[in-house]
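Both of the next two complexes hold subunit A, though its partner changes from subunit B to subunit C.
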Partner chain A sequence: MQQGWLSNWLVKHEVVHRSLGFDHRGIETLQIKAEDWDSIAVILYVYGYNYLRSQCAYDVAPGGSLASVYHLTRIQYGIDNPEEVCIKVFAQKDNPRIPSVFWIWRSSDFQERESFDMVGISYDNHPRLKRILMPESWIGWPLRKDYITPNFYEIQDAH
Partner chain B sequence: MSLPLTRKDLMIVNMGPQHPSMHGVLRLIVTLDGEDVIDCEPILGYLHRGMEKIAENRTIIQYLPYVTRWDYLATMFTEAITVNAPEFLENIQIPQRASYIRVIMLELSRIASHLLWLGPFMADLGAQTPFFYIFRERELIYDLFEAATGMRMMHNYFRIGGVAADLPYGWIDKCLDFCDYFLRGVIEYQQLITQNPIFLERVEGVGFISGEEAVNWGLSGPMLRASGIQWDLRKVDLYESYNQFDWKVQWQKEGDSLARYLVRIGEMRESIKIIQQAVEKIPGGPYENLEVRRFKKAKNSEWNDFEYRFLGKKPSPNFELSKQELYARVEAPKGELGIYLVGDDSLFPWRWKIRPPGFINLQILPQLVKKMKLADIMTILGSIDIIMGEVDR
Partner chain C sequence: AQDQQQQVKEEEEEAAVENLPPPPQEEEQRRERKTRRQGPAQPLPVQPLAESKNMSREYGGQWLSCTTRHIRIYAAYINPETNAFDQTQMDKLTLLLDPTDEFVWTDETCQKVYDEFQDLVDHYEGAELSEYTLRLIGSDLEHFIRKLLYDGEIKYNMMSRVLNFSMGKPRIKFNSSQIPDVK
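Moving on to the complex of A and B:
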């Protein structure tokens, strides 16, 4: 698989990662292990990725793992084509724990809470990790593929 | 945790969700020490409809009428991103005329959104008059929308590969008339508001965000540009045909509520400039892509050949999303509206993550209102410009 230049740079500095190639717009995608993510996040921040545009979590496959996706951008003065990178951190469904990047990029505050709310990834060290959109008493993780909507009756059954 | 200054006991007050200046159904739990805000916790989710989940079992065509319910004041942008993400994913080109029509509609929608920010923002500060003025101009924009799309708010106008219908006869002239009229309207607002000492007293230096903070909190749109960062996706990403027009990114370096007001007023003028250029230069030709997609396996099949898939004028109802992913975004009036789309070789997207600007911009609110007065919460919240439809989705 083709490697992007950020991946090469990380290899040169002996940072453990795995290149996932490029997404459809040509943005480099890297996979990083959950246990390395907090230290590598700092490396990326120091390198210059100061803008976390979007944090997203999704269910990779029914019965498979969960993914937490980070889209990072480097905003600098007077730059037309800012560098972008996409980071994916995977977690197993039986114990999905990923370090929070709240202390590096504040914009992950609500987004990590939403990812917790929707697919149930626990972000370690997040200051207020609780449900954000669903009621706090809700049971289950709605955006997982194996989620079953509770009390959902087809309309013809509702007499 | 800061200690109380005047009393032993702090007062915990609930604001919202049914509160006129909460811009919908935001609820704040505010810890007060007299008039000073010690802490503030936003509670979201009162308008949550599970739109990302719903997207996962709808085709894009089925989902399109629903997306205007994210940000119901800047409806064209939600439609634009909903068609842009699949277009990028499948490499669909759109005709130049469609692109121009889209730009005109988007900029009109931006003006409408900024207008309906301006009125309630002033009402939050206690000035009721502009709230009624803005509806004059907004009404005209919605009349233009109604003439072109048949609907005033929930248009369902954008399509994969173009727009749903061409502009009706005479629409261009009406649009130009509106531009002339609106420029006078903006001057009126500025005379009424910008130099007003009561207004300045309320907004100057209130809700200050430094440039670094703004980037770190992931702010976008006028929130980011008011803090001295010249970041406008229309310039950075070069989507649609924005690079063919002469316009400037509006920005301020002060970073307070006044700067955000000035950025938005400036943006309305720039939008008018873009619309005027676009309607002058609008090219002829089709308003929709005639061919939507070919067979995936025969990418280079000969045109009109047996292998060639020629999908009529309208995007096919079984428009397939291939097994790829991307993050698409547009510059909505409130900031960066993005979609992280994961395809799965099926009609339905595997994951349709919405990155709403209001949701991200709202995060900074607790930090901004700390150590401010209770009445400043309205000013700061108003200057953030949130719409609960897209915050809660």
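Moving on to the complex of A and C:
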């Protein structure tokens, strides 16, 4: 697989990662282990990725792992095409713990709370990790593939 | 402390009920449930001196409830005459059945719903007292009411204020066995 220059840079600086190729816009995707993620996030921030464009999470497969995805951008003055990178961190479903990047990119606050709410990844060191969309007494993680919707009554056929 | 609360919660149950459309009269349904239920669910005794308590802002200004159109469950004691809402008695559940009078209720059909309510509360014994659990109970009761309607045991009250057939238009040659998701 072809490696991007960022991947090469990371290899040169002995940062453990795995390249997942490029997406349709040619942006490099890297997989990083959860235990390395807090230190590597600092490295990426120091390198210049000062903008967390989006953070999301998804359930990879039934019985598989959970993924937390970060889109990072390097914002500079006078730049037309800023450098971008996509980071994926995978966590096992039995103990889904990923370090929070809240203290590096503050915009991940609500996004990580939503990821926690929907797929149940618990972000270490997040200051107020609690449900954001569902009621706080909700049970289960609604966007996991093995989630079974409770048979709650809704108004079904009012006319 | 939480364990104790759950214990106490499941020990009693109360159902305050408005039924019978033209003069909406309320009926209290309450019962001690230390022993297994034999016979119909009974109401707990009326507390004529009950006052509204713990409803102010310093108590959060909110309450535990499950409210859908035909089922209102509150984790509190509600006096059927004065509507005093005593939130200190969270060991009781109060059921208001069909407050908007969408259906025509008789004593027997009301009793069926109360019995189902009692069974459900027994079934969820030990569960956490939360909105989620109350909503599970309330939804099961709504499905039960829907089943009663499909089986013709209750019918729409044509004099109700909002007549929108919220559980489906009246049909003939139809019963609950034709609906897969009805228990």
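Assume the second predicted complex is superposed on the first by the 151 of 159 C-alpha atoms of A that agree within 3 Å, B and C clash if a C-alpha of one lies under 4 Å from a C-alpha of the other, contacts with A are read in each partner's own complex, and residues count from 1 in each chain.
Note that a contact is a pair of C-beta atoms (placed from the backbone, for glycine too) under 8 Å apart; a residue touches a chain by one contact, two chains touch by 3 or more.
Please read all numbers here as calculations on a predicted model, not as lab measurements.
Asks: Is A:Val69 in contact with subunit B, with subunit C, with both, or with neither (first, second, both, neither)?
Replies: A:Val69: touches subunit B, not subunit C.
Asks: Which partner, subunit B or subunit C, touches the larger number of subunit A residues?
Replies: Subunit A has more residues touched by B than by the other partner.
Asks: For A:Pro150, select first, second, both or neither according to whether it touches subunit B, subunit C, the two together, or no partner.
Replies: It touches subunit C, and subunit B stays clear.
Asks: In the overlay, answer first, second, both or neither for which of subunit B and subunit C A:Leu52 touches.
Replies: In the superposition, A:Leu52 touches subunit B alone.
Asks: In the overlaid three-chain picture, which partner chain does A:Phe110 touch, first (subunit B) or second (subunit C), both, or neither?
Replies: After superposing on A, A:Phe110 lies in contact with subunit B but is clear of subunit C.
Asks: Just checking: does A:Pro135 make contact with subunit B only, subunit C only, both, or neither of them? Give me first, second, both or neither.
Replies: both
Asks: Please write out, lowest number first, the residues of subunit A touched by both subunit B and subunit C across the two complexes.
Replies: Overlap of subunit B and subunit C footprints on subunit A: residues 135.
Asks: Looking at the complex, which residues from subunit B come into contact with subunit A?
Replies: It is residues 44-45, 48, 50, 52-53, 56, 88-89, 212, 215-220, 229-231, 235-236, 324-329, 336, 338, 340, 342, 350-351, 353, 355, 359-360, 362-364, 392-393 of subunit B that touch subunit A.
Asks: Under the stated contact criterion, what part of subunit C meets subunit A in this complex?
Replies: Subunit C residues touching subunit A: 68-69, 71, 128, 130-133, 135-136, 138-140, 142-143, 146, 164-169, 181.
Asks: Of all residues in subunit A, which touch subunit C in the complex?
Replies: Within the complex, subunit A touches subunit C at residues 135, 137-139, 150-153, 155-159.
Asks: Along subunit A, where are the residues that touch subunit B in the complex?
Replies: Per the stated touch rule, the residues are 23-25, 27, 50-54, 56, 58-59, 69, 71, 75, 77-78, 80-82, 86, 105-111, 114, 118, 131-135, 142-143.
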